[in-house]
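I have a structure here, written as C-alpha cells, and I will follow up with some questions on it.
Chain IDs A, B, C and D follow the sequence of writing; residue 1 opens each chain.
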Amino acid sequence: MNLLELQGVTVSFDGFLALNDLNLQLAPGELRAVIGPNGAGKTTFLDVITGKVKPTRGDVVFRGRSIVGRSEHHISRLGIGRKFQTPRVYQNLSPRRNLELAVRGPHGPAALLFGSLSSEQRDRVQHLLSVVGLERQAQQPAGGLSHGQKQWLEIAMLVAQDPELLLVDEPVAGLTDEETARTADLLKQLAGDHTVLVIEHDMEFIRDLQAPVTVLHEGHVLCEGSMDQVQNDPRVIEVYLGSETQEDAA
Amino acid sequence: MADLLSSRNLRRWLPWALIVLVALVLPVVLPPFRLNLLGRFLSLGIVALGVDLIWGYTGMLSLGQGIFFALGGYALAMYLQLNELKPGELPEFFSLYGVKSLPAFWQPFNSPLFTLVAIWVIPAVVAGLLGYLVFRNRIKGVYFSILTQAALLVFFNFFNGQQKLINGTNGLKTSTARIFGELIGSDAMQRNLFWLTVVITVAAFLLCRWLTHGRFGDALIAIRDDEPRLRFTGYNPTAYKTVVFAVAGALAGISGALYTVQSGIVSPQYMAVPFSIEMVIWVAVGGRGTLIGALLGAVLINYAKSLVSEALPETWLFIQGGLFLLVVLVLPDGLVGWWRQGGPGRLIAMVGWPPRTATYPALDLDPQVVAEQDQLERSGGGQG
Amino acid sequence: MRKTSLRLLGGATALATSLTLVACSGGDKAGGDFDGEVKVGILHSRSGTMAISENTVAEAELMAIDEINAKGGITIDGKKLKIVPVEEDGASDWPTFAEKATKLIDQDKVAVVFGGWTSASRKAMLPVFEAKDHFLFYPIQYEGQECSKNIFYSGAAPNQQAEPAVDWLLQNKGKDFFLVGSDYVYPRTANTIMREQLKANGGKVVGEDYLPLGNTEVAPIIAKIKQAMPKGGVIVNTLNGDSNVAFFKQMKAAGITPANGYSIMSFSIAEEEIAAIGPEYLEGTYAAWNFFQSLDTPASKEFTKNFKAKYGDKRVTSDPAEAAYMMVYLWAAAAEKANSVDDNKVREALIGVSFDAPEGKVTVMPNHHVEKRVLIGEVQKDGMFKILEDKGFVKPVAWNQYVPETKGYTCDWTQDRPDAGKYKM
Amino acid sequence: MDLLYDTLFNGLAIGSVLVLAALGLAVVFGLMGVINMAHGELMMLGAYTTFVVQNIFKAVLPEALFPIYILVALPLAFVVSGLAGLLLEKTVIRRLYGRPLETLLATWGVSLILQQFVRSVSSAFAIGLVVAVVAGILVPRFTPKVWWQQRWTPLLGTGSWIVTGLVGVVIASVLGEQRVFDQPWFSARNIDVTAPVWLRGSIDVGVVNMPAARLFIIALTVVALLLVNWFLQKSVWGMRIRAVTQNRTMSDCLGIPTEKVDALTFLIGSGLAGVAGVAVTLLGSVGPNLGGNYIVDCFMVVVLGGVGKLAGTVLAALGIGILSYVVGSGSLLLVWPAMPEGLNAVITFFATTSMAKVLVFALIVVFLQIRPAGLFPQKGRMVEA
C-alpha cells in the first residue's frame, strides 16, 4: 500500500491552475526527488499535502485516509513533517529549545505546561544537536546562526519530529559543496526508516541522492523515472533541461 | 564604575532590588494618598503582566484589555453594592431609574464566593471566547488589534448605555461600601488593600514566570516568531493563543478588581479606547518580553502621569505621545531591555570610559562569548 | 540609524520642554499684605472631551478668587487670609476626579473643593467627600435626586430649570414632546422627571432617544423625530458636548427648525456653546437658565465686563460660569460668617448665606442648593439670548415631586436627624 | 416605499461619510500595510484648515465670495493634511516598514501629540517651536565637523536638541508674557465652522427630503472615489504604486523610486483624510477630539471591506451605514408593526444610536467568522508569507 497518494489534485487560484490533475504515489521507505522549473507548482504541491492549501478538486490520501480539509497541525501529527524553502527556525529561541519544541511527543498546551521532557526526548535532542554540529551554539538565540547552520537546524527539527513522511523543500540552497554532500548523506540515511520527498533545483545533489525523480510542469506530472531516464526524456528537455544544461555547463 | 555598571550580575538584580524597595520601604515613608496611588499602580502592573504575556511573548497586540479589566472591577463592585444591604433593599442608584427589583444577573453577586471566582473567571471566559473566535480564523497582526479595539467599543457602549442594568456612565462606587464592617475607603482598609495588592502582584508575577519559563513559554515565543512553522510541527497555535489570551484576561480582571476597590469606583471609562492602548505603552516602556519590565513600566508611567498631571496637565499628552515614539523608534526593548543589553555601559562608553575588558578587546563584548559565559555561570549555579 | 533616532528623541524632548514652559508662563502675580493663606481646590477637566466646557468654569472660579484676594482676601479672626487655588485636572475621566479629590483633601489639605461638571464626575467624587467628611461645591445645573451633606449645589435643581421650562413649553408651544439626550445620567434622569411632569400636566412624550457622548451620527434620531412629529412639536434637548453641534447642524439641514413649527428647548446650550456651534444653527431655539449674559442688571454687566477684561474680548459669560463664580463668593462669605475655614463650621454657616450674584441675590437653602432666578430665553442672531420670561427667584427642590419614588421626600440639613438628607415630609 | 427611500438615502448619507473618512486609510493600509492611528487627527487638521479658510473669507474677502469658501478649503485641506502626512512618513513611518504593530503604536503617539498641539498652539508656542526645530537642525552646520564623528556624538546630538528645545521654551515663555502671543489659536474649545447657506438647507428629491450637506458629501465621495481610482489605475505614479505594492524588491530593481512611491502613497492617503475633515465640518463639531470620533468606525470599514479592492471599502461603508441607520432608527418596527413580542423587544432594545453601534460591531465580528479577510481579500500566495 502506498503511504501517500495524490489523486487528481487540482488547485486553482482565481482561475490560475497552480496544480492541474496531479497524481503521485509514494511507497513507504521511499526516497523521491521532485524537480520542475519555476512556477511548476512545487511549493503548492507541498502546501496541499501539509494542509496549507485546500485542493479545488481531487484527494490526498495518507496511510489510506483522506487528509483533505484537515488543519496543518493535525496533518503534522499524523506523521508528515515539512522543511521550508528558506530556513525557518524560531529566531529568539536557542537551537536546543527549537529542537525541544519540535521533538515528538504530546503538543497540547497542558502537556507543555504540566509535563516535562522524558529522558529519551532529552537524549534525542542532545543527539541531534551533535549530529548537526550545533552543540556549541546550543544556548544562544538561533537568529544568530549562519545560513547553513539554520538549514541544518531545521532539518534536525524535522528529524526530531520523527515523521513517517518528510517533505524537504530545497534543503541545500545556499549551502557549500561540503555541506551539500553531508545533507545528501543524511537524507539517504533517513530513507528506509522514513519516507522522504525532496524538492531541489540542484541536479548534482539529486544525482547524489540516487533516487527516482518526478518532474512537475505547469502543475502536472510530466514524467517519472531515474535521473538518467528523466534527463533523456525529450519532453523534459524541451520544458526544462534546456536551461539546465546551460547551468551544468556553467 | 563602568565595570560595575556593565556587570551582568548587577543588570540582573537591580530591577529586582527596585521592586523590593518599592514594596517594603515606600509603605512606611509614603502618606496614605501616595500609598494608595502606589497600590493602584501595582494593580495596574498585573494587567500589564497580561499584556506582556500576549504581546511581549506571543506577539498579539490586544487593544481591548480594558474589557477584562472592567469586567473584573464590575464583578467586585456589584458584590460590594449588594453587601450589607438589608433584605429587599436595592443599591441606591436603581431608584433613579425606577427599577423595582434586582436584575437577574445581579443575583449571584450576593455570594462572596461566587464573586471571588467571577472576578477572574468571567474575564477569562469572555477573553477565551473572543480569542477563540478570532484565532480560529487565523486573524492576527493588526487585524487582531483592530478587532479587539472594536470589541472594546462594543462593551464600552453597552455598559455606558445601560443605566437600568449597571448604572451606565456613572459606574459603581465602592468606597462607601463596607466589608467586614469596615469602610472600604478608610485609611486602614486601604493599607490592607495595598498589602493584598503586593501579595497578588507577586503571585501573578510568579504565575507568568511559570508560564513563560518552560516549553509553554517557548511555544509562545515560537508563535510570535513564526506561527505557521509551529503549525507544521504539529502544534495548534489557536489553543495556545486562546489559553494565553484567557490568562491575560483573568489577570486583567484581577487587576481591575484591585484597582476598583482602591480607586473607589468602576465605570465604563475603564473601557475607553486610550486606556487600553496606554496599557501597551507601560509594557513597551518597561520592556516587552520581560515580566519585570511590564511591572516597572506600569508603576513608573502611572506615577509620572500622576505627577505631571498635578503640575502641568496640558503637557501630559505630549509626553505620552513622545513616549510612544520613543519606545518604538529608539528603545524597542524598553528600559529593562536596554539595561540588560548593557545600555548604561554603552552610554558611559560614549562619554569616554571604554568598558574595561579582561581579554582581547572585542571578546568580552561578543554576544556569543557572553552567552556562553552566561551558560557556564548558570550551570555552575546548579540550575542546569 | 541610531544617531537619527537619538536626534528624534531630542526633538521630542525639545517639544515637551517647550510646552512645559508655555504652560508655566501663566502664574499668579498677586501680591499685597496677607496674614496667611487658605488653600482651596479647583478640580475640573483641563484635558480631554470635557475641557471644552470646564475650562470656562475653572476660569470663572479663579476670577472670583482673584477678585476676593484683590479686596484683601477673607478675614478670619481679624487676620487677612489669601485664597490660594490648588488646581487639579480631572482629565474628563470620572475615576480621575475621585483620585484628584482625594489628593486635594489628603495631600493639599484644602478647605473646600470647587469642581466637577458632569454628573458622573460628581457621583464619582461624592463617596470620597463622604468618606472623608469633607465638602465639594458643584456649579452645574443637574438632575437633582441627590442631597448630600458633603456637597453644595450652586447650579439649578430640576425645578429651577427643566420643570419651569417644560411648563412654559406646555403653555406656549404644544403638548407633543420628543426628548433627546446624551447617554448618561443627567439626560436620563432629567427625562424621567419630565416624563412624569408631562404625564401629570397633560403633555405627551412621543419619542425619546439617546446618543453616546461624543457621537455625531444623528441621522437616526432625526428620522425618528420626523416620524414621531411630522408636523412639528416640541423637542427637549439634553445633549451634551460635541453631539450638539452635529445635532443642530443636521436638524437645520433636515428642516427641523423653528420656522417649520418645531420648538427646540435645550438645557445644555449656553452662550459659550452657541459660539462654538454657530448662532445660525440655533437662532430661534430656546434655553432655560438662571443667568444670561444679556441679563440687564448692573451686577450682570459688571461680571461680564470683568470676565472679558480678564480672559479676552471675544469670550462670553454663561450660566455655568456665573454659578461657578458665585459659589466662590458664597464660600468666602460663609467662612467669614463662621470665622473659620474649618470645613464643618463653614458648612453649617453656609446655610442662609446670601450673595449679590450677577443673576441677583442668591441664598443657600437648608438643602444645600441655592435659591436662583429662573429665566427662559431665545437665541438671537448675535449668539445672545432674548429673555422671554423671568419667573423670578425659585426655591430649590432636591427630591423631585413628580417622580413617584421621591414624591413627598425632602432634605433639610438644619434638622437634627440621621436621615436629614432624605425624609418624608 | 417612502420608508425604503428614506432608509436608503440616510444609509447612503451615513455610509458616504464613512467611505470618505476611510478612503485614505484604506489606500494607505491596502497599499502599504501601514495602520495609521493618526488618520483621525489628519482629518482634524483638514477641519481646522476649513475653519481658517472660513475666517479668512469672513475677514478679508468680499461677502459675496463666502459661499465658495468650502470649495477653496477642499484642496487646501488636502495639501495641509497631505504635507502633515508626508512629514509623518519621512520622520516616523519610514523607519517602521514591515512592523505594523509598532507603526500602530507610533502613529497613536503622533495622534496624541497632534490633539494636544491644536489645543495648546499659540503664537508664542509656534514661534518657540519653530526656533527650537530650526536651531536644532542648524547646530550640526555651525559646529566643527569632527564633533560629529566622535563616540559621544549621539549624546551631543541629543544634548543639542535639549539645549535648542530649552531656547525655544525660553523664547515661548518670554513671548507668552505678551497677551497677543499668549492667546491660543484654537484652544481646547470646539470651533465654529459655519456651512455656507447653500449647504444648510435641504432639497426635495421625489418623496425624500435630502439635506444639501448630505448630498454634497455624497457627491464629494463619488468624485474622490473616481479620482483615486483613476489615479491608481491610469496614471504613471498610480501604476508605480501598484507595482511596489505587489513586489517591492522587483520594483526597486526596475528603477522605480520606492521611497518616493511610499511617500506619495502616504501623502495621498493623508490628503484624503484632510478632504474628509472638510466634509465632516458640515455635519458635526470641530474640535481636538474630532479624530477619535471617526477612527474606530474607519477601521471597521477597512477590516470589513478587506484590503484587496476599493470596492470593498465602499461596500463595507455603505453596509455599515445602512445597518446603523436601520437598527438605530428602529425602522424595522415601522415596516412590520405586528412582529412577535420577543423580537419586538430585542429590536427596541437596540433601537438607539448607542445600542445600534453595539449590534453593528457585533455583527462585524460575526461576519469575519465567515470571511476572515473581509469582503475583498487580497489573494495569491504572498498573503501568508
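The definition used in the following text is that contacts are C-beta pairs under 8 Å (C-beta built on N, C-alpha and C of every residue); 3 or more make two chains touch, one makes a residue touch a chain.
Computed from a predicted structure; not experimentally measured.
The count of contacting C-beta pairs peaks for the chain pair C-D. Compared with chain B, the chain whose C-alpha mean position is the greatest distance off is A. Centroids of chain A and chain C (each the mean of its C-alpha atoms) stand 72 Å apart. With centres taken as mean Cα positions, chain D sits 33 Å from chain C. Separation between the centroids of chain A and chain D, computed from CA atoms only, is 47 Å. Each chain gets a centre from the mean of its Cα atoms; for chain B and chain C, those two points are 36 Å apart. Residue positions 95, 113, 116, 119-120, 154, 292, 352, 354, 357, 384 of chain D are each in touch with at least two other chains.
Multi-chain contact residues of chain A (touching two or more other chains) are listed as 52. Shown for chain C are the residues in touch with two or more other chains, namely 5-6, 8-9, 13, 15-16, 19-20, 23-24, 46-47, 183, 210, 212.
For chain C in complex with chain D, the residues that touch the partner chain are 1-3, 5-11, 13-26, 46-47, 49, 51-52, 55, 183, 209-212, 214-221, 223-224, 227, 241-246, 249-250, 252-255, 272, 275-278, 280-281, 312.
Chain A makes touch with chain B in their complex at residues 50, 52, 71-74, 76-77, 81-82, 84, 88-93, 97, 100-102, 107-109, 112-113, 116-117, 136-137, 139-140, 144, 157, 161.
Residues of chain D that touch chain B in their complex: 35, 92, 95-96, 100-106, 108-113, 115-117, 119-120, 151-152, 154-155, 292, 296, 299-300, 302-303, 352, 354-355, 357-358, 361-362, 364-365, 368-369, 372, 384. Taken together, the chain B residues at the contact with chain C in this complex read 31-34, 36-37, 95-98, 157, 160-161, 163, 168-171, 173-176, 183, 185-186, 263-267, 269-270, 272, 306, 309-310, 312-319, 322, 325-326, 329-330.
Every residue of chain B that touches chain D in the complex is listed here, in rising order: 61, 133-134, 136-139, 141-143, 145-147, 149-151, 153-154, 157-158, 160-161, 228, 273, 277, 280-281, 284, 314-315, 317-318, 320-325, 327-329, 332, 347, 349-352.
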